[in-house]
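Some structures to go through are shown next.
The two complexes that follow have chain A in common; it is paired with chain B in the first and with chain C in the second.
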Partner chain A sequence: MSSFKYVYKSGKGLNEKLVREISSLKKEPEWMLEKRLEALKIFNDLSLPEWGADLTGVDFSNIHYYLKPLQNQKKSWKDIPDEVRDTFEKIGVPKAEREVLSGVKAQYDSEVIYGSLKKSLEKKGIVFLSMDEGLVKYPELVKKYWGSVVPLGDNKLAALNSAVWSGGSFVYVPKGVDVGLPLQAYFRINTERAGQFERTLIIADEGSKVHYVEGCSAPAFSTGSLHSAVVEVIVEKKAKVTYTTVQNWYKNVYNLVTKRAFVKEEGEMRWVDGNLGSRTTMKYPSCILAGRKAKGEMLSIAWAGKGQHQDTGAKMIHLAPETTSQIISKSVSKEGGRASYRGLVHINKGATGAKAKVVCDALILDDESRSDTYPTNKIFENGASLEHEATVGKIGEEQLFYLMSRGIKAEEAEAMIVNGFLEPIMKQIPLEYAIEMNKLVEMEMEGSVG
Partner chain B sequence: MRYKVTLDKPGKKDVVVPFLKKGETAEVLGLVLGGKRGDYELNVIMEHKVGQTKGRVEIRGFAKNGARVKVTGLIKIDKKAQEVDDFLEMRVLMLDDKSWAVVEPRLEIEANQVKASHAATVSKINEEELFYLASRGIDREEAEELIVDGFLKDITDKIKSNV
Partner chain C sequence: MGFKIKDLFVSVEKKEVLKGVSLDIEPGEVVALMGPNGSGKSSLAYALAGHPNYVVSKGRVELDGKKLLNKKVNERANMGLFLAFQYPVGIDGVNVKEILITTLRGRGEKISALELKKKVEKEAQKMGIEKELLMRSLNDGFSGGEKKKMEMLQMSILKPKYAVLDETDSGLDIDALRVVADGAKKAAQKGMGVLIITHYKRILEYLRPDKVLVMKKGKMVAQGGEELVKMLEDKGYKKL
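Now for the complex of A and B:
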């Protein structure tokens, strides 16, 4: 049995008292408590979306909303209790930190328990804190931008996050600074019926450049957990932000996330989104292309295996002239899994010369599985162009036959083809994750060919 | 089977094509000539209830003088409908800044031995083409008309022919 004791674990269910309790435990300013309470009201008023995945299995009254593992965030892995440290060791976080990262945040249930940032980067003025620390140390910035891209009432789950948020990252990159190696956050849900509601705010000042990577996982439990994050990204003039997610939640986690970037003149926002785990994911990272020549990009992979529904996609909102966007989505469904692409391209009046391109490819590996494509393209400007294409198909018999004629077993050949299908996006994912994903594809494909 | 549908004034038209017999082939040709202020809505559903069926949907249209063109297409392939082949294409030209277009090409696929794809574009007239025609002494209005006619020709020809 686990010897590890939480500093604080809320009972199941959500009410105003709990929201006040979370805010008071965190010693927050009054304005944040007010936002939380307002968001709670909105959450109670709104209904779940009628489109998208089936969310009837989410029981909001049967979730622990706040689980605080440690009193404070630690700066050394030595200060982390063995059990928690072992979890992150197994995932390989400390090793990656030594070798390929600029900084790390590790969140265990509701709180960030470990954080580091290379000294050289700190000196350049880069800020990489937990959202809670950010609120304490940079109250003005947080007050200005928190909730500015994803408002409290954006949707029911965003309202829930705004009411009970805890943890997540606060990143500020000063003018002209290139962070170089990625900053990484790792999110772990480690309790049954837990809710994780991290809140992330990234501000990339003029001409800066940053790559933020998040990984998510949870161990096997018999009952489901809920992960509902809100991520807001501000991309100032000529800044470049890449936000990579590799989501490998256990297959009973509901993953309902709102991610959005506000991109100013000549700024570039790129989302790289790998959805492999969870029971149900609903996630459509968005770019509001608000400044001239702003650029938005989405590269996404969805893997829907047994019992999984990945309802994912992207939204590109073109508000300014010469803005460009590209969405490339690839999905694989097998063993009764369902992968749905759902996306929006909106080219507003005045976005002259805007260009958007959407490509969705899907593979269905057996006759139990399902693939859907639900794109909406709204063009309100005549000097704009949009291209959309999608294909759904099976693994090519010819490719399979060719590989098998070279002595490769059917199973292996199929895994090779699936990996090849996903490769253009895999290339964009940091190496250690790409390896993990390749392995996962191979593992998932074992025994799949009859 | 060939289905032909032309929407030349504001209004709404639905075309539902059920595939109920093996070996069935159906083609839908659609024109949306959005030349007036108002809502033009065309909705095409290809319902493959049995396997070994083939569909093709080609829709072209334009939006001008405050036309609001909405084209929705759905290829739906049921679980048992293996070896279906279907392609949905929708292309809309935007001809002025008073008009708009919404295109929603959808796929719902529950069988794995299938080919289903779609392509959609919304674009304006290429300035280079206008320039070329202008250099040949053709004024802008006439040039625009020629280009739109050319853009629609594939479909208009097929609709006219009785093959």
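Now for the complex of A and C:
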């Protein structure tokens, strides 16, 4: 893998020249270049958020902002270079593809270099492309929606992504179409200090239904790396979108992601989010419930091991009557790891009959580890209801004794209890990812008690 | 052979709860242990299973000739000891089949999830346990009777050499009681030694103990046959 070649590797650091270069290499329309430049200005003006995790280790001048691999988009598995194929084999892409995938897009550093789409998707009129391709083939759609949910100046990292974005997915599901099998994309960072700034835009037209899955894993490297994605989802009237993420970045990655959905009348948005890896994650997927009876849901797992801080949560913004939302957040912290839940429920004046529910459960496995809950509720409508439950616990000695009294080893018993705690979320995750997550949890638990 | 407890002293949080308890159970033997509340019966059960809060200060326990007290909780179980809990805990997201398959595979048995499922379902049906309970988190919203039956179900799959049933009959209706007693009796007929801790005559009428022991204030105070149960029923523990 070390011999993998890049056609273009930008120098470290960020400036206007680089942004112009990226745009020109991609042969982008003028309007996109303008957006990038505007975003760069905003990025330079804004400061990093100080209310969350410690980001002092992020050094924006020490990152490669753009890498273009030697290969262009490949259509067939056979055309993929061996090294890349090996990497995919290790994370299970080919097997998954043969068996269940309806379409695979994998991102190798900054460019999608391999993708295959089954004909059935195309027949139904479903668009599943890299964001770069989407911009070329569907410029009008992209121009209309790109940046409409997460504006350029939303926050410093969203501005950064808007300035230097590369790759990510562009999905369009036509009216009334049910995609069926999940659309899956695999992301991977493989160069030291490579920043990955993918940009995803999903448009689910009226009455359509789609499940998008992204899994991340990164190989080991020594110095801090930054992953800063922006995901925008448009859920039109009565459409249903599920967006599942399994995040397992290597433990030196700063994972600072902005994800937001705009949900119209009777639309449903569900975020399923598993955060296992990274050094620091700040991620609060949001739903703007703009239409009557729109529904938002967030199911999340955060795992904070040694040296990790998972600062995650969700935002539910109720703007219309009878909108409903549910946030279920579970976290596990061990060996000095820190898991924070940070959430916002905002119910606007006029959102009569809105209902919101927040459940945060934390499991702390030892005395060095930490869990915090920072819920913010802003309720401006009297006719709305909000339920909030939070629990913090340790693994029960009696549960451990019970399982051991059946003949199960201490560490296995502890892993069972942890997996059981996470199970309500795990069962919402597609099976192959759930299995992977279970394995990761077991690996993390090995040797933790004895 | 046999399960031999010799002169056992146990403390919980520095308070001595067992003060020199001795007891033998032969394979296939049913031994009833009775006694007033707080006499140390459940403490004996916990100490044998190896609960970390129950500290043994003196004594010896052997299971078929092997020392038990220097073993971890799970090792004791794998030597063939089973404890049916008086108050089984609930475990979120873990069902009984997962517990059983993890245990059996841990012992080195090669059993597929499907084989185990069939076995468990068959056993559950015999015991009148709803199939739905097998899928649910262990003891999550189970009735008292269902919890006790679930303990017996695990016993029948794990096939221990010796089982301690800690008030497994408490809170059961007549039908459930019969199921529990039947399970223990059949296992005993196949050679499992049973120590049943109970307050009531009723289960002993089904189980027909070979030996009845009475404990009081951390010591054995009486030993006899079924006639002792009748005597206790009439006169209580005061005279002992």
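What we mean here is this: the second predicted complex is superposed on the first by the 446 of 450 C-alpha atoms of A that agree within 3 Å, B and C clash if a C-alpha of one lies under 4 Å from a C-alpha of the other, contacts with A are read in each partner's own complex, and residues count from 1 in each chain.
Basically, a residue touches a chain if its C-beta (ideal position, glycine included) is under 8 Å from a C-beta of that chain, and two chains touch if they have at least 3 such contacts.
The shown structure was predicted, so the numbers you read here are calculated from the model rather than taken from an experiment.
K.L.:
Clash or fit: chain B and chain C on chain A?
P.N.:
With chain A aligned, chain B clears chain C, so fit.
K.L.:
Classify the contacts of A:Leu33 with the two partner chains as first (chain B alone), second (chain C alone), both, or neither.
P.N.:
After superposing on A, A:Leu33 lies clear of both chain B and chain C.
K.L.:
Is A:Asn377 contacted by the first partner chain B, the second partner chain C, both or neither?
P.N.:
first
K.L.:
Looking at A:Lys349 after the superposition, I want to know if it touches chain B, chain C, both of them or none. Which is it: first, second, both, neither?
P.N.:
Only chain B; A:Lys349 stays clear of chain C.
K.L.:
So in the superposed three-chain picture, is A:Lys394 touching just chain B, just chain C, both, or none of them (first/second/both/neither)?
P.N.:
Once the two structures are laid over each other on A, A:Lys394 reaches chain B alone.
K.L.:
Examine A:Tyr402 and indicate which partner it touches, taking first as chain B and second as chain C; both and neither are also allowed.
P.N.:
After superposing on A, A:Tyr402 lies in contact with chain C but is clear of chain B.
K.L.:
Contact-wise, after the overlay, does A:Asp367 reach chain B, chain C, both or neither (first, second, both, neither)?
P.N.:
The answer is first: A:Asp367 touches chain B but not chain C.
K.L.:
For A:Leu386 in the superposed arrangement: first (chain B), second (chain C), both or neither?
P.N.:
After superposition on chain A, A:Leu386 lies in contact with chain B alone.
K.L.:
For A:Leu181 in the superposed arrangement: first (chain B), second (chain C), both or neither?
P.N.:
neither
K.L.:
When the two structures are overlaid on chain A, which partner does A:Phe421 contact: first (chain B), second (chain C), both, or neither?
P.N.:
Touch partner of A:Phe421: chain C, not chain B.
K.L.:
More chain A residues touched by chain B or by chain C?
P.N.:
B
K.L.:
In the superposed model, how near does chain B get to chain C, counting Cα atoms only, in Å?
P.N.:
It comes out at 16 Å between the closest C-alpha atoms.
K.L.:
Using the superposition on chain A as set up above, list the residues of chain A that contact both chain B and chain C.
P.N.:
No residue sits in both footprints.
K.L.:
Using the touch rule from the top, collect the residues of chain A that touch chain B in their complex.
P.N.:
Within the complex, chain A contacts chain B at residues 349, 362, 364-367, 369-394.
K.L.:
So in the complex, which bits of chain A are touching chain C?
P.N.:
Spelled out, the residues of chain A in touch with chain C are 396-399, 401-410, 412-413, 416-417, 419-424.
K.L.:
In their complex, what parts of chain C are in touch with chain A?
P.N.:
49-52, 72-74, 76-78, 82-83, 85, 88-89, 91-94, 98-100, 102-103, 106-107, 137, 154, 158
K.L.:
Provide the residue numbers of chain B that touch chain A in the complex, in ascending order.
P.N.:
79, 82, 92, 94-97, 99-124
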